[in-house]
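Shared between the two complexes below is subunit A, which has subunit B as its partner in the first and subunit C in the second.
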Partner chain A sequence: MALQSATLAESESGESVESRNGLRRRLLHSPLTLTGLVITLIFVVLAIIGPWISPYDPSAVSDAALAGPSAAHWLGTTQNGQDVFSQMLYGARASMIVGLGAAVLTTVLSVLVGVTAGYLGGIGDEVLSLLANVFLVLPGLPLTIILAAYLPHTGNAGIILVITVTGWAWGARVLRAQTLSLRKRDFVEAARATGDRTSRIILRDILPNQVAVIAAAFLGTVTGAILTQASLAFLGLTDVTQWSWGTILYWAQVSSALLTGSWWWFVPAGLAIALLGTALSLVNFGIDEFINPRLRQAGIGTKKAQRAQVKRTRRSLRRRARRERAERPTRAPFTSESTDLILDVRGLKVDYLSGNTRTPAVDDVSFALRRGEVLGIAGESGSGKSTLAYAIARMHKPPAQISDGRIIYTNPDGSTVDVLGMSDAELREFRWEELSIVLQSAMHALNPILRIGVQIEDVIIAHRPRMSSQERAARILELLAIVGIPADRANSYPHELSGGMRQRAMIAVGLALDPEIIVMDEPTTALDVVIQRQIIEKIVELKDKLGFSVIFITHDLSLLIELSDTIAVMYGGKIVEKAAADEFYRNAQHPYSRGLLNSFPTLGGPKRELTGIPGSPPDLRRLPDGCAFQPRCPVAVDECRSTMPPLYRITSSTGESSEAACLLYAAAQSTREMSEDGARAS
Partner chain B sequence: MRTIARKAGFYLLTAWAAISLNFLIPRIMPGDPADNLINEFHGKLSPSAVHALRVLFGQTGQNLWQQYLSYWHSVFTFDFGTSYAYYPSSVSSVLGQSMYWTLILITICTVLGFVIGTALGVLVGWKRGTWLDSLIPVTTFLSSIPYFWFAIIIAFVFAITLNWFPFSGGYAVTETIGFNGGFIVSAIEYAVLPAATIVVASLGGWLISMRNMMVTTLSEDYVRLAEAKGLPRRRVVFTYAARNAMLPSLSGFAMSLGFVVGGSIVTEVVFNYPGLGTVLFKAAQAADYPLMSAIFLLITVLVLIANLLADVAYVFLDPRTRES
Partner chain C sequence: MTVTDLVDATQPTVGDEPVLEAVDVTKHFTVHGLRVGRGTPRVVHAVDNVSLKLYAGRITALVGESGSGKSTLARLLAQLHPLTSGEIRLHGVATHATHGRSFREYARRVQLILQDPFSSLNPVATIAKTLHRAVAIHHPGKRRAERTKIIDDLLTQTNLVPPRQFTEKFPHELSGGQLQRISIARALAAGPEVFLADEPVSSLDVSIRLGILNLLRRLTEERRVAMLYVTHDIASARYFAAETAVMYAGEVIESGPSEAVTQQAAHPYTQLLIASAPDPSRTGKSAVRDIGQPPSLIDPPSGCRFHPRCPYAWQRCSTEAPPAFPLSEDANHTARCWLYSDDPQAPEKRAANARAIRKVTDSEGEDAT
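Now for the complex of A and B:
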């Protein structure tokens, strides 16, 4: 019978819909985007005032034929002595009108089709999507040319119409997909359930959340339309007596400006188109980065930042000779009295850097992991537990940085090494050989295009280059058998496996080199309760058989109590309580731990009221003064607002000891017996 | 296999839509282009050419359905009537002469542009945050340039000013077309500048989209995990990151292909290259509707075939589309 799963409050993360203000702020902050905006504005202004400030009539002929740039003619003259600069100014207006006009019409059509298709679904959606796909695949320019050729004298309106007809499909497809996903969101479902009118839901709940995508489609169409208009004009398919950048190029081409070397005739028009296109693309980049936050991080992921991920000087270390490891000797099962340390984390501090501010996500965390032990780390989202998992394996990426602390690993031969001081090569050897990690979502952690067997084999090839392919194949089958995956599944791709099987495959990848420690970051969160149970049982069984140690990170406290030898509770980036699992269950000391335990029912024992914890997890950027838990704490006193409590050692009436970071125990204990870790923390 | 069959079905449908559209456009357009055209020739058109023109614009006595059927008949027999720009050649013979130039030039250049752009995108994405990022505004600029204008600049610099390459045409007039060394060397020499234009102008777009996909993919858990597993860098970059990052790029091929092909054919005009682009230009100048329709059909079919090939490649690269 599966234990009732109790989870801590998961705060809304990431998925929340970003506001339009956020978009505006982002756009104005990036220098490239700002440059793009400024250039675009300049062109818009020129298009508006162009005809008034242009020095000549663009069509007026003069004697100064094919004159180069001069004070009188800034951009020189054409074969007929017309002023190129004036033509450019007049042309800006025509190009802008076509660009903006086509973009407005196209965007309206895209929104209409996309949102309707996405919102209505069913047969209407099928038909509209098919239509959009057909138009997407039809080569736009040839179709445009044909259409324009039939409409030679309709002027800009005809061109705008033609571009709209050929260009609406892309935006419609993107917006349809967006609408589909928005429709499934809670706030839209809620509005539908309460019987709001469809038009109201679309206007109030759907469209405002698509502003970024609509803006991107709009700007993209402006660029596309200006390019298309220029191509058509260049081919002579528009009214060639009406000045636009394309017509300038048309006349330059038919008058052989190339052969006469009059570069001033054809360079400015193309340059203007390219410049405006670049400016619009730069603005679109800003929007892209807004839509896709991962792109924003790109600039931070520099090699320099990568190297500086651990902010301290490297100590010279005794190099470990590379060895093909033999079978590990079977060890005595873990007991709570064991002092055989394998990993000793001391004063670990991980910050997220953003500009000049550092946000501590893991703040002065210390714990010891003993050989064969299962250490459970519990915490709500945002408590720093996943950051801690990544930092232990040094898999954290910028902007996360380990700013202080030590992670001492004890080799099987008894020598010790600081993981944070390892060079890249040493780290490469250490990871997976000694310590591996199993991530939360196997769906994301397995490469979707490689077979399971290959992904296991990759590790073996990298670390055991001398192993023959037969030996590797045998090892893969052995590993799959260990985690209970049928041998023929080695040739399956991740998407062909069930969720539970994928997670077991992840564990098989983690076990590939028979490591000493496995860090498991919420390995069962994405699974249903029954599968969760199977995986946990498998982990316990394997641990007993193979003798590795586990750091198990989760927000599921009930699971943790059952599985772990020792439990550490994290809050606001710190460990607030550390105790043996059964001691923790019976005698939680920290008010936060008690709150957690009271928020889920027990299987046996007397009935009690489920209270939960009022309030929500703290914002790491704005931690309260003193104890981080103090604003939500039912027993907080004034001192809690000013004093950050270290971990105090507490001995219960049964003789068991635990540690808790709460001033309750500073007052209760006359001797103020602080733990070793607590002393460092103060 | 099912995926490919479904895709092929979709392209058949699209081809049908395009061909029908081509039937419809002359019939719904305002004005009377047929009479204008006939008048322009001042009675020098043969009666059969006049008839062909009436057929194109639906001015025969037949009802629409009969017209549609005979239109399909002419599509399957490649009978698109007489060209007016190249009067009295038939449309199919004009296309037959120009098609191969375009097909060879554009196929090679599109593939080259895609491969080079994507490869550079992998590099710039992998080295994100280094000086290579400063390539982004440069490539953005390159991809915003109108193809034909870039062609003019290239021609001006390398053909007119430096005189390194021939400026106009597809081969030296002293050579005879055929499979002989002199002709091939000459054709390659004449193709260098148009090819360079198309490759350089198209690779910027591929580069940027690949770079962005690469950056997105690099923060996927499986890439992080691959690094942690201690895999050689090459394996992480190509098998774990790039191969996954490429998939959206490949499926976006459809959208971009029409654009690239469109841009390329306009490039031909600048170099007076003897391909479809130049023919289309002349056809547009002469309001040669039969020729324009046929070119549109031809390009559409070629683009659809290219898309189908891209989809086949996609199925090979992404096992998720290969349902057993």
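Now for the complex of A and C:
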């Protein structure tokens, strides 16, 4: 039933031939599901046509008693000379009727109870849940046996009833829980706000999102019901004159078929049950991929990338000498003339593997981070900025894969090391000792069941095993004081802290080992502006005091301009502009940067006209030809559609220099022509 | 004086009646499982005594941080939750419609647009299906072909052209901006008189926010609908709304024309909000210092709810809740703050406040030179 409704839903949605082909392709791509489907279909067909094609009457006795398989009797005969093959064919029908019948009834009952209870809530929910819970604690098998013993001559209907009564509660509970969570989702609220009826919301919004669960429960029940029916029949609790696989086994057992060695009598029935059960399970595993439109497209790239990750040849490198960390020498504050590189990223390329395609999320990105510098990386969704953050710490997970480039880290003693060539042990030491990461969602990045103090301590224990517990306790208090968390909060759990406090705790964890570089990926995006201001001021204060460098990644350009020394703007996986923050704000060069700056409403000064950028950010899987920004660019020319511009160095009239990847700056003479063209275009 | 005065004072420049109006609206949510002794169940004071008016053809911004009650107020106006007390008036008539036919009739006239377009569309339905539903509710009896025509028209109005390129897609195949336009198209299907947009651009990319806001503004003006723009971004309120109301801890603490509220912010909380917003045009260091964080709404502070954080608070602030004081001649701009009363302590505190604000402006000037 559930399967049918899923296919119906597809055909209704008017999916064209293309998606039919897609279905076939997906099926071919998952041989296990296909196998399961084919076997199940064969059994269904046999169940339907079995009685017509069976060579004998299954109950008709003959002289050929206990004969092995032969041309006359493909699967041999029983003690009474009955044809086993015919019995199997008749039995298939009985098993199928019970399996499907019980599954349909069970599913209908559990959907009705589960969804009603979950959606309506209140007293109705409590009564229905209580009922389901009572049925859940009833011991299933004994009840089945007792009920079956009272209903021996009702045939299949009785067995279906028994299985339904003992089986519906589990599904109802699962569906109730699902409905409860779906009911709170925005699209259900949106449907309510549109003025839709409750019944339609349940039918159109709640149920279709549960098809995968319902289908899985349905198929599971089919398997379970077939097994239960076989067991009951085998125990002789059904009408033993009615042929089913269980009855065959019953007769084989009472006639000691095992002792007489007549394997053909019981093996086919046992095999059929096992085969059908396996086939249904295979279909069950694959079903989610076919029902969920989002998963339909998800590739099988993950495994490939995982393999590639393992195979990745390690570049030979000098082993980094284990060193006792000395006090960091005090340094002069960062200035724009500084050349003291700490991290040098060159030509970094990160791909997402999907099937046979590689999607570049970070494409040939190079930048240098100097000691004490705040490098701001700005970008919209899909610009590759978060992938970059993870790749720098090598925390990217398959299907992402670093396919090219170097990340050169300069140790405080002046030696250099390529992060991409580090062994796992070296990498563990590098992360947090030298470079730590502060992520966007502090609630998810902190372990909810550990106290804040303990989480900071864990990091210290992992990296400073010889530190005494007193020293650790002192360090934790020091760290909490640094980020401005009251000392008594060390014993709080993450959920007891406010969002701002949690983000401070994350920064404290990041600072625990006094790293040289902190990568911050949207650390304040989930926070309110007032708290954001507090956190940003704290970061700047700490940076000035402790002298670390920061890579700050966010979509909020105005925040970045205030905070950073240098700004890099990413678009479509590439850095399209790099400049000192002041220069960038006053004199942005790339048309995308200018568009971004013109998208922000300002609070101070007179209102200016906001122009924004037409269109939306590109999908990395389908980047346009040439410059990725060209379809949205107000000054694009034909050449932009074919040429991918590299970063050009630009020196402004004030002597400040910046870099922009735009053909406007390809050469002095062509620049003039293009800006004229651009002026005409806009 | 009650809060109603605050809004009554905000005389509309367009001389007509409000389309939708909240009058002294209060919403308390009961906290389950938390009872103090045998006392009454504890409640969250999500919205307390708030009045707000929405006028045809105009955008009113409701600004506040998370937990200030701004989204709850939008949902109360959409009648998705029953009120604890107060009234919601549609064209001056008190309406109570949380269920059944009356709610559907109400929803036809007042439509809600939610923040996250990725989760506000059913993930397993195509865009066409979602829109067909909305159109079928509000244009009953139309045949499928007619409904399809209406849908094409809606998508064209929200700049999704050609419409056929979008209708057969699933939500995950479209970008956030396109999905938000589809949410707006769905809301338009009803032909509503009021739009309640709850953070319609917060989850979208910066470069496409402007397009959505301009679309909302165009619809407001062309269709003469009343728009409530709920946001945490006070700078966008300045650009897109004629009037702005600022909420703190469940109360409206300042309201008036957007330019006045953002440029001559009167309430210390509004000042804090503005000083905290990132703004590259302001290079000086902010002189407005913040202490603490928003209060618990289960047990809100006595008197003015901002007083524990307010650098100018005095005795009176912690005991008496301030009414709305008019700040301009025509009383368009009002703030619920004792600084603007005739209390003997007020002038001195007001001067201290003015000095702090001037310091910010001065340092800006110095840095710029």
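Convention: the second predicted complex is superposed on the first by the 527 of 682 C-alpha atoms of A that agree within 3 Å, B and C clash if a C-alpha of one lies under 4 Å from a C-alpha of the other, contacts with A are read in each partner's own complex, and residues count from 1 in each chain.
By definition in this document, a contact is a pair of C-beta atoms (placed from the backbone, for glycine too) under 8 Å apart; a residue touches a chain by one contact, two chains touch by 3 or more.
Just so you know, these numbers come straight off a predicted model, no measurement behind them.
Touch criterion met: A:I437 reaches subunit B, while subunit C stays clear of it. Using the contact criterion defined above for the overlaid structures, shared-chain residue A:G122 touches neither subunit B nor subunit C, since it reaches no partner.
Taking subunit A as the reference, the larger set of touched residues comes from B, when subunit B and subunit C are compared.
Once the two complexes are overlaid on the shared chain, A:R185 sits against subunit C while remaining clear of subunit B. In the superposition on chain A, A:P465 contacts neither subunit B nor subunit C.
Contacts of A:F266 after superposition on the shared chain: subunit B is touched, whereas subunit C is not.
Within the superposed three-chain model, A:P31 lies out of touch with both subunit B and subunit C [touch as defined at top]. Touch criterion met: A:V529 reaches subunit C, while subunit B stays clear of it. Residues 292, 294 of subunit A contact both subunit B in one complex and subunit C in the other. Contact residues on subunit A toward subunit B in their complex (touch as defined above): 32, 130, 133-134, 136-147, 149-152, 170, 223, 227, 230-231, 234-237, 249, 252-253, 258-259, 261, 263, 266-267, 269-270, 273-278, 280-282, 285, 288, 292, 294-295, 297-303, 305, 393, 395, 397, 428-429, 431-432, 436-437, 439, 441, 444-450, 458-459, 462-463, 493, 495, 509. Put simply, subunit A touches subunit C in their complex at residues 9, 13-16, 185-187, 189-197, 200, 204-205, 208-209, 211, 291-294, 380-381, 498, 500, 528-534, 555-559, 561-562, 585, 595-596, 599-605, 607, 610-617, 619, 632. Subunit C contributes residues 65-66, 78, 80, 103-108, 111-112, 114-116, 119-126, 128-129, 133-134, 137-138, 168, 170, 172, 175-178, 183, 186-187, 189-190, 205-211, 214, 232-236, 238-240, 259, 262, 272-282, 286, 290, 293, 364 to its touches with subunit A in the complex. Subunit B makes touch with subunit A in their complex at residues 10-11, 13-14, 17-18, 21-22, 25-26, 29-31, 33, 127-130, 133, 136-137, 140-141, 143-150, 152-153, 155-156, 160-161, 167, 212, 215-216, 218-222, 224-232, 235, 239-240, 243-244, 254-255, 257-259, 261-263, 265-266, 269-270, 280-281, 284-285, 287, 289, 292-293, 295-296, 299-300, 303-304, 307, 317-320.
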